[in-house]
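Below you'll find a set of structures to go through.
Consider the two complexes below, in which subunit A is the common component and subunit B and subunit C are the respective partners.
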Partner chain A sequence: MDKLNKNDYKKYVDKKVPKPTYLRNMIMAFLVGGTFCTIGQIITNILKSNGLDKDMAAAGTSISMVFIGALLTGLGLYDKIGKVGGAGAAIPITGFANSIVAPAMEYKREGFIFGVAAKMFTVAGPVLVYGIGSSVIIGLITLLLR
Partner chain B sequence: MALKKLGAQTTKLENPPSVVSYYSIVGPKEGEGPLKDYFDLILEDDLWGQDSWEKAESKIQEECIKLAIDKGGLSSEGIDYLIAGDLINQITPSSYSARQLAIPYYGVFGACSTMTQSLSIGAMLIDGGFADNIACAVSSHFSTAERQFRFPLEYGNQRKMSAQWTVTGAGATIISSFGNGPYIKHITTGKIIDPGITDAANMGSAMAPAAIDTLICHFQDTGLAPSYYDLILSGDLGYVGKDIVIDLMKKKGYDLSKNYTDCGVEIFDKSEQDTHAGGSGCACSATVYNSYVFKEMAKGKYTKVLLMSTGALHSTMSTQQGESIPGIAHAVAIENTKE
Partner chain C sequence: MEYIKAFIVGGLICIIGQIILDNTKFTPAHLLLTFLLSGVVLGALGLYQPLVDFAGAGASIPISGFGNSLAKGAIKGANEKALIGAFTGGIEATGAGVAAIILFGYTMAVIFNPKTKD
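Up next, the complex of A and B:
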């Protein structure tokens, strides 16, 4: 590029690119994320009132929310929720379910081994690796400090 | 001696090939856009009865080429070469389409610049006396491009404001040494210009400098001014890239404000169709040229048109390795009269 330095061009482009609607996105993320969390709380309360202890109720809630996320993905609704809700749809455990079910559906045509099974973790894989990895490290540190 | 070369990067065609037939097929979303009345065929279902998106894209391209040949009153035996391309790895949709057509085939890759790339090569083959009839075709498909370059379709993510929407469809142009026009008069082959953009969701900015370079080169080589053309059309720079081209060209002394637009801007209705920075993909420029542009040239609304498809020549691997996006733009000047 003649006479136009790459850094100058980047700065120039940043001014040209339309900005995301931050306020609207934040409000929608709060509402969508809040809705998922409220549903989770309702499930927890129902499980507790049916005699499950705190840990069991938490596990039951996670399982139920993963099911809801997977079902909404399968019905073709979660991408629409994610488009509106952004991080509010991605961060809750329903978003985690979406990130696994979406590639599993997408790569069905490449077969069950190299398609569904191999591609299932293309989005969620890094979360699992670093999530599980860091929890192991924290666990070891806790063990050593005792 | 390169007798037909004009200036640094332009070819002046001594025996200008004529566009004798053209056809465009688009998906349902494009068929709801502002140019819906110009497309030859609008699909109701973008799978078109196939069991994968890739097979659907292949079928769209194959049918588009066949229908263009039919519309021109030709047969596939009468076509000397097929020059086709698309966006998918190893351009399989084009090769599978060519498998059915039994026409000598050159598969070309220029990302979204492929339509003017294939027209350029085809026009030079005809002008050189190597062929009489050539089919130039490209295709792209939103769903094949999404899964290759971005995320699975059902994944709930938000698109950036600078992101563009890959056009589903195909465009085919039959050019010939015979015919009554419009004629391909000049070709300006672009250089790779890499302005250092690494964000694959900001391709308009990555390709705009290549478009500017090719435009300036075309005007310098031919001695023509932008006002010579009734319409200057870039491929898929979208709203962001179009804005940059107008702005930076003005700074270099070329006024494009009156007769320049971009196919990515024209193909979708930004406010109604939620396509953010506009359309993209090989078929973005190809479907607009092979519908709106050629039909309006036939009616006489435009007599001199400069078509310039723009391409971002990156891959998912190069993006992941932090490489910036190389841009390219090839210009093809088409006029209703031979002289």
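Up next, the complex of A and C:
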């Protein structure tokens, strides 16, 4: 062991690191992600058939999907879905909700201000900073190009 | 047909994410940011909206759809209300989701306790 040089060591480590099961992961991501999107489509259609216009239905769908993601996380089920679905559970907006509830729940013992309310934004904070920040930049670029 | 399109397009977007996840050191948090910003850029260039028109929730439920709404809202705001609109447009378009995330995120975190890992 102690005579291994850097390259041999790297090869040794590569051999020991478990290979992700690529194909299986991709199929599960497809199925889980597809399912969340289909649920979203069902909610959109229900809202539309109740007379909401396109924008209102889209907003209502976001609200409902966030609720579903947050509830499943609270119940401890989203963790399990995430283990199976990988990116299929992370990328839909339900995964965004999960990224908020999970750390908030975890740090509750640190109180409702610096525990729950602060830790909610561990992942959501960067998402909102870069998302809203870049949207303002795009708005300003739009003005310059007019 | 609508549902099949949503399922397939949404699933394909998640496959792209899974490929990134398996081949890089990305965490799911990196993945969310990458897809969000891709959505913003594609949305600003007008390339994401056709996908939403085609696949509905299949393109709008992934976080890239959130990015697209931000970009679209900012452009619409800038065109309608000039400088003020450039600032408010993105948040206006995504306000429902953000408000829901804060309310439901907080409530659920307060109501439930983390499950012990099995």
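Just so it is clear, the second predicted complex is superposed on the first by the 133 of 146 C-alpha atoms of A that agree within 3 Å, B and C clash if a C-alpha of one lies under 4 Å from a C-alpha of the other, contacts with A are read in each partner's own complex, and residues count from 1 in each chain.
Keep in mind that, in the parts below, a contact is a pair of C-beta atoms (placed from the backbone, for glycine too) under 8 Å apart; a residue touches a chain by one contact, two chains touch by 3 or more.
Predicted model, so just to flag it, every value in this text is computed and none were measured.
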With everything superposed onto subunit A, say whether subunit B and subunit C fit together or clash.
fit
Taking the superposition on A as described, I'd like to know which of subunit B and subunit C A:67 touches: first, second, both or neither.
second
Contacts for A:23 in the overlay, against subunit B (first) and subunit C (second): which applies, first, second, both or neither?
neither
For A:106, select first, second, both or neither according to whether it touches subunit B, subunit C, the two together, or no partner.
both
Superposed model, subunit A: greater residue contact from subunit B or subunit C
C
Touch check for A:9: first (subunit B), second (subunit C), both, or neither?
first
Which partner does A:36 contact after superposing on A: first (subunit B), second (subunit C), both, neither?
second
Looking at A:123, would you say it contacts subunit B, subunit C, both, or neither? Reply first, second, both or neither.
both
What is the contact status of A:83 with respect to subunit B (first) and subunit C (second): first, second, both, or neither?
first
What's the minimum Cα gap, in whole angstrom, linking subunit B and subunit C in the superposed view?
6
Residue overlap on subunit A between the subunit B contact set and the subunit C contact set?
20, 25, 73, 76, 79, 82, 85-86, 90, 95, 99, 101-102, 105-106, 122-123
In the complex formed with subunit C, which residues of subunit A make contact?
20, 22, 25-26, 28-45, 58-63, 65-67, 70-71, 73-76, 79, 82, 85-88, 90-97, 99-102, 104-106, 108, 112, 116-117, 120, 122-124, 126-128, 130-132, 134-136, 138-143, 146
Enumerate the contact residues on subunit B facing subunit A in the complex.
51-52, 147, 151-162, 193-197, 202, 205, 209, 239-240, 243-244, 247-248, 277
Within their complex, subunit C touches subunit A through residues 2-3, 6-22, 28-29, 31-33, 35-37, 40, 44, 55-58, 60-67, 69-71, 73-75, 77-79, 82-83, 85-87, 89-91, 94-102, 104-115
Residue ranges of subunit A in contact with subunit B within the complex:
1, 4, 6-7, 9-10, 12-13, 16-20, 25, 73, 76, 78-83, 85-86, 89-90, 95, 98-99, 101-103, 105-107, 109, 122-123
